[in-house]
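The following pair of complexes shares a single chain, chain A, combined with chain B in the former and chain C in the latter.
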Partner chain A sequence: MMLQEVIDIVKVLVFPGFLFFSILGLLYEWIDRKFYARLQNRVGPLYTGPSGFLQPFADFVKLMAKEDVVPEGAEKPIFSAVPVFALALSLFAVLFLPVYGTRGIISFEGDIVVLMVIMTLFVVLIFLGGISSASRYSEIGSERAILQLLGYEIPLVASVIGAAAVTVKANPSLSIRGIVEAQSGLWSIFGIQALGFAIFLLAAQAELERTPFDIPEAETEIVAGWMTEYSGKKLALLRLARDVELAFLCGLGATLFLGGPQPVFPGAAGTVISTVLFVVKSIVVLLILTLLRAAMSRLRIDQMVNFAWKYLMPLSILQLSLAVLIPNLLAF
Partner chain B sequence: MGLVDWARIRSPWVIHFNTGACNGCDIEIVAALTPRYDVERFGIKLVGSPRHADVLVVTGPITKQVEKRIIRIYEQMPEPKFVMAVGNCCASSGAFRNCYNVYPGLDSLIPVDVYVMGCPPKPEAIINGVVKLIEKLRGGGS
Partner chain C sequence: MSTAIDIPIGPQHPALKEPINITCYVDGEQVVGAKLRMGYNHRGIEKAGEYQSYIQNLYLAERICGICGIVHSFSLAQATEDIIGKELPRRADYIRTIGLELNRVHSHLLWLGVAAHEVGFDTLFMYVWRDREAVMDLIEEVTGNRVTYALVTIGGVRRDLPQERAEKVLRVMDLLEEKVKKYKKMCIDEKTLRMRCDGVGLLRKEDAIALCAVGPTARASGVPYDVRADDPHAAYDEIPFKVVTYDTCDVTARVLVRIDETLESINIIREAIKKMPSGPIRVRLPRVVPAGEGVGRTEAPRGEVIHYVRSNNSDKPFRWKVRAPTLANFLSIPVMLTSKGDYVVNIADIPIAFASIDPCMSCTDRAIKFVDVNDGKSWVWSLSQIKRVSHGGGR
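Then we have the complex of A and B:
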């Protein structure tokens, strides 16, 4: 009994919980920066550790050791709480991801709906952080974040719920576990879900505020958007939260559309192999996201919302209805 | 050398401030960031907000107009912070020496750690300036 509890705590804190995903987040930031630099004919981080591998870690340590400035007019409690809550939220979200086997640490019927709520809460935190820092740039940034949310939220939810349609045939379920189990034969990206995957990628890019949807933190217009006034430890935590969120969304994409970590065979070796499988698949998603970032330039906020409502929305509803209808029609 | 020093040397984030330069130095700084020299190799990154930055890179003659702004930007940066004066104008007012509207140099307003001379300095010279700054951080003289 005691042993089981200890194992559970280790699972949450070390593997596949907080520590594993923090390291994975920093690793993904490095892969992202390195691949982005290669696409621009640059080298990227090179001298911090082997091939600059430790660069995100060095940035994190440096920021942790820097002075922490709180602007005079800021709403101090909210301003200081936002980075902590952001990190806590993203570390909570990763507990739902199945790293090996078919279920995450937290797994129940309908956990996908909880994940949708968590993804929206991120933007609420961003809004609070920007509004409480009493700077014009931050306020514009957080208003843009909310406007952007209005654009991408519904397509994101529709693509994720559409991904759950693969479970319709065998035993209908709204849980990540059900989706992974339903993909044990054919991955859902091969079929109508390919459209859902494309929509998911665009929405994830907007959720992470990366080019072409980096409108809330547009560097050339509004300094650093809602993050303008954050410095030192708070900025370090925000960046770490961002990295973990990146790892989370890549992992979610790999789980919902690329089959996730299918259990190969039982035992320790099987655990290692399916963990590696999970990491490799989510790196594939990450590389696609980086490619999008390097290939496009920033849209204006009105263009983004227009695009989301004119094209992304109808497409996502089409994909959702097809994904639900086709298996039912085939059954007749 | 502790972990913090190790990290500080490897990730100097730069904010660029133009006090009224002719854009010569600015183009050379941009050249240092682009593929040919790619200073991201050393972890150097250009950031937009003074709150995120470690190094303030100033170009151009220090005019009376810009006095309040440059001091404000400097004070907005969190400690530890460093200042680089790039170009003759910034370091010693260059061609504008003895003008009624120009300060004799950046160091008459804020403390400067590294001077990079040249009109404009080559990207190599700017990177050399950053190396000098890192040596100063290591405590190996300046």
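Then we have the complex of A and C:
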């Protein structure tokens, strides 16, 4: 009994929990930066480690050692708590992802609903962080983050619930486990879910605040938006939280639409292969997200909300209805 | 403006590479007013010029602006030659024209990259700047320097353009023409870029005329004002070219005017190399300039540059006055940044609207303004008062 508990703790702390996803997050940041740079005919990170692969790690360590300034007019408790909560929240979210096998460390019926809540909580944290920094740029950034949430949240939820529709036929379920098991034959993306995947990618781009939806932290307009006043350790934690969130959303995309880590065969070798499968699939999602980032300019907030309500919203409702209706019609 | 909060943009801000302050009055995301404050970068170049000889001043003038690498030394030489009143060898005029146009190609490409960055399209920014290196290397080969060319001297140019180098220029021009056409297509077709530029930074034709806008800013508002065509200097009288104008009056028009002008410049360079006569590249002019007044003007990449020189029969100018194009275009900025009727300016539009005039503060700043940062009051001090304050005694 004791041994089981130790294994569980190791699972949460090391693999496939906090440490694994922290490293994965930093690795994904490197892949993102490197691929983005290559798309722009640059070299990207180069000197720290082979091909600059240790650059995100070095950035993290450097920021941890830097001076930590809290603005005079800031709401100090909230301002200081936001980075910690952001990291905690994103590390909590990754526990739901199945890295090998079909279930994550936390898995229960209805867990994707909890994930949706977590993703929204993230924006609430961003809002609090920005509004408590007592800076005009941060305040505008916070307002934009909330406005943006109004645009992409419903499409995001609809695309995730749509992904759950694959379970309708055999064993209706709102859990990640059910979705992964239902994809053991054909991946969701080969079918009506292709549309859901596209919507998910756009919404994920908005959730991660990356071009064309990097509106809350638009560099040339409002400095760094809601992050403007953060420095030192707090910024390091925020960036790590961002990276883990990136790994989480890429992993979620791979799990919901690309079949996730299908268990190949039991045993240690099966675990390794299945983990590699998961990482490779989520890197595919990451590369698509990077491609989107490189190919477009930043939209204005009014244009973003317009686009989301005019196109993204109807499309996501259409995709959700089709995903639910088609299996039922076929059953007749 | 009672409900509006003011957002200071600058003097230090990521969107502005040089110090200037724009105070925008913002209601929600909408900008309802804007005020400019300059004077952070006074360098006293005009005054310094009065203590140096004309030849030395050419190199000082070159340092007025790092991007207009030839424009200021050319205009100063032109003003000085205007006083002396002697014809230049034709070949020198042609080489000067080639220098001016190479400068325009590099400056417009640089601006296109900056504009793309302002709207968050970094990929275009990186591509344009990569290809701009081709023309920078070419400038180094033709003039000897990448940034401050030191090509122009009083009475001609300092460096000839031999046949083999001219052929290299033509080769690079072919390459650039192809690239620039590609970017033009990209700017017209890329939907998100158009969404950020269409209808933004509106400067109507009547406003452009009333506020004396110059250069691409005026031409994008449909005002066909170009010193090269209106007052031909150097070899522009013998080279046919088109004055590019667009009439949508927004940032898109300014992007397209600059891209089309780059293509025109490439054609001008080709034509100049074809028509260039042989002969000497400079005449010796006296170092002491007779008393008189001279004006030099040319079309810099950003608009009309005017240099005025007054001489007093010595080798140093008595007064030297420079009007950079950005100064003329500054007046349009508050108009572009103020919502009026159907025209709505968002916070997100500020950087690109401001950048669309291709501002250059270091060229422009000639003034010092004293402002109390606490209550916003400003006043004027005489020279002796400034001296007293700077030496530590009160006013």
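As a convention for this text, the second predicted complex is superposed on the first by the 332 of 332 C-alpha atoms of A that agree within 3 Å, B and C clash if a C-alpha of one lies under 4 Å from a C-alpha of the other, contacts with A are read in each partner's own complex, and residues count from 1 in each chain.
What we mean here is this: a residue touches a chain if its C-beta (ideal position, glycine included) is under 8 Å from a C-beta of that chain, and two chains touch if they have at least 3 such contacts.
All figures in this text were calculated on a predicted structure; none of them were measured in a lab.
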item: Contacts of A:N171 with chain B and chain C, given as first, second, both or neither; value: neither
item: Chain B versus chain C as contact partner of A:R42, first or second or both or neither; value: both
item: Which of chain B and chain C A:K66 touches, first, second, both or neither; value: first
item: Touched partner set for A:E219, first chain B, second chain C, both or neither; value: both
item: Chain A residues touched by each partner, larger count belonging to chain B or chain C; value: B
item: Partner chain in contact with A:T211 - chain B first, chain C second, else both or neither; value: second
item: Chain B versus chain C as contact partner of A:A294, first or second or both or neither; value: second
item: Which of chain B and chain C A:D302 touches, first, second, both or neither; value: second
item: Common interface positions of chain A, toward chain B and toward chain C; value: 40-42, 219-220, 223
item: Of all residues in chain A, those that touch chain C in their complex; value: 39-42, 136, 140, 211-212, 214-215, 218-223, 294-303
item: Residues on chain B engaged by chain A in the complex (per definition of touch); value: 3-4, 6-8, 10-11, 34-35, 38, 40-43, 47-49, 51-52, 54, 76, 78-80
item: Parts of chain A lying in touch with chain B, wherever the complex brings them together; value: 33, 37, 40-48, 52, 54-55, 57-62, 65-69, 137, 219-220, 223-224, 227-232, 235
item: Interfacial residue positions of chain C with respect to chain A in the complex; value: 5, 7, 13-15, 29, 116-123, 126-127, 130, 190, 192-193, 195-196, 346-351
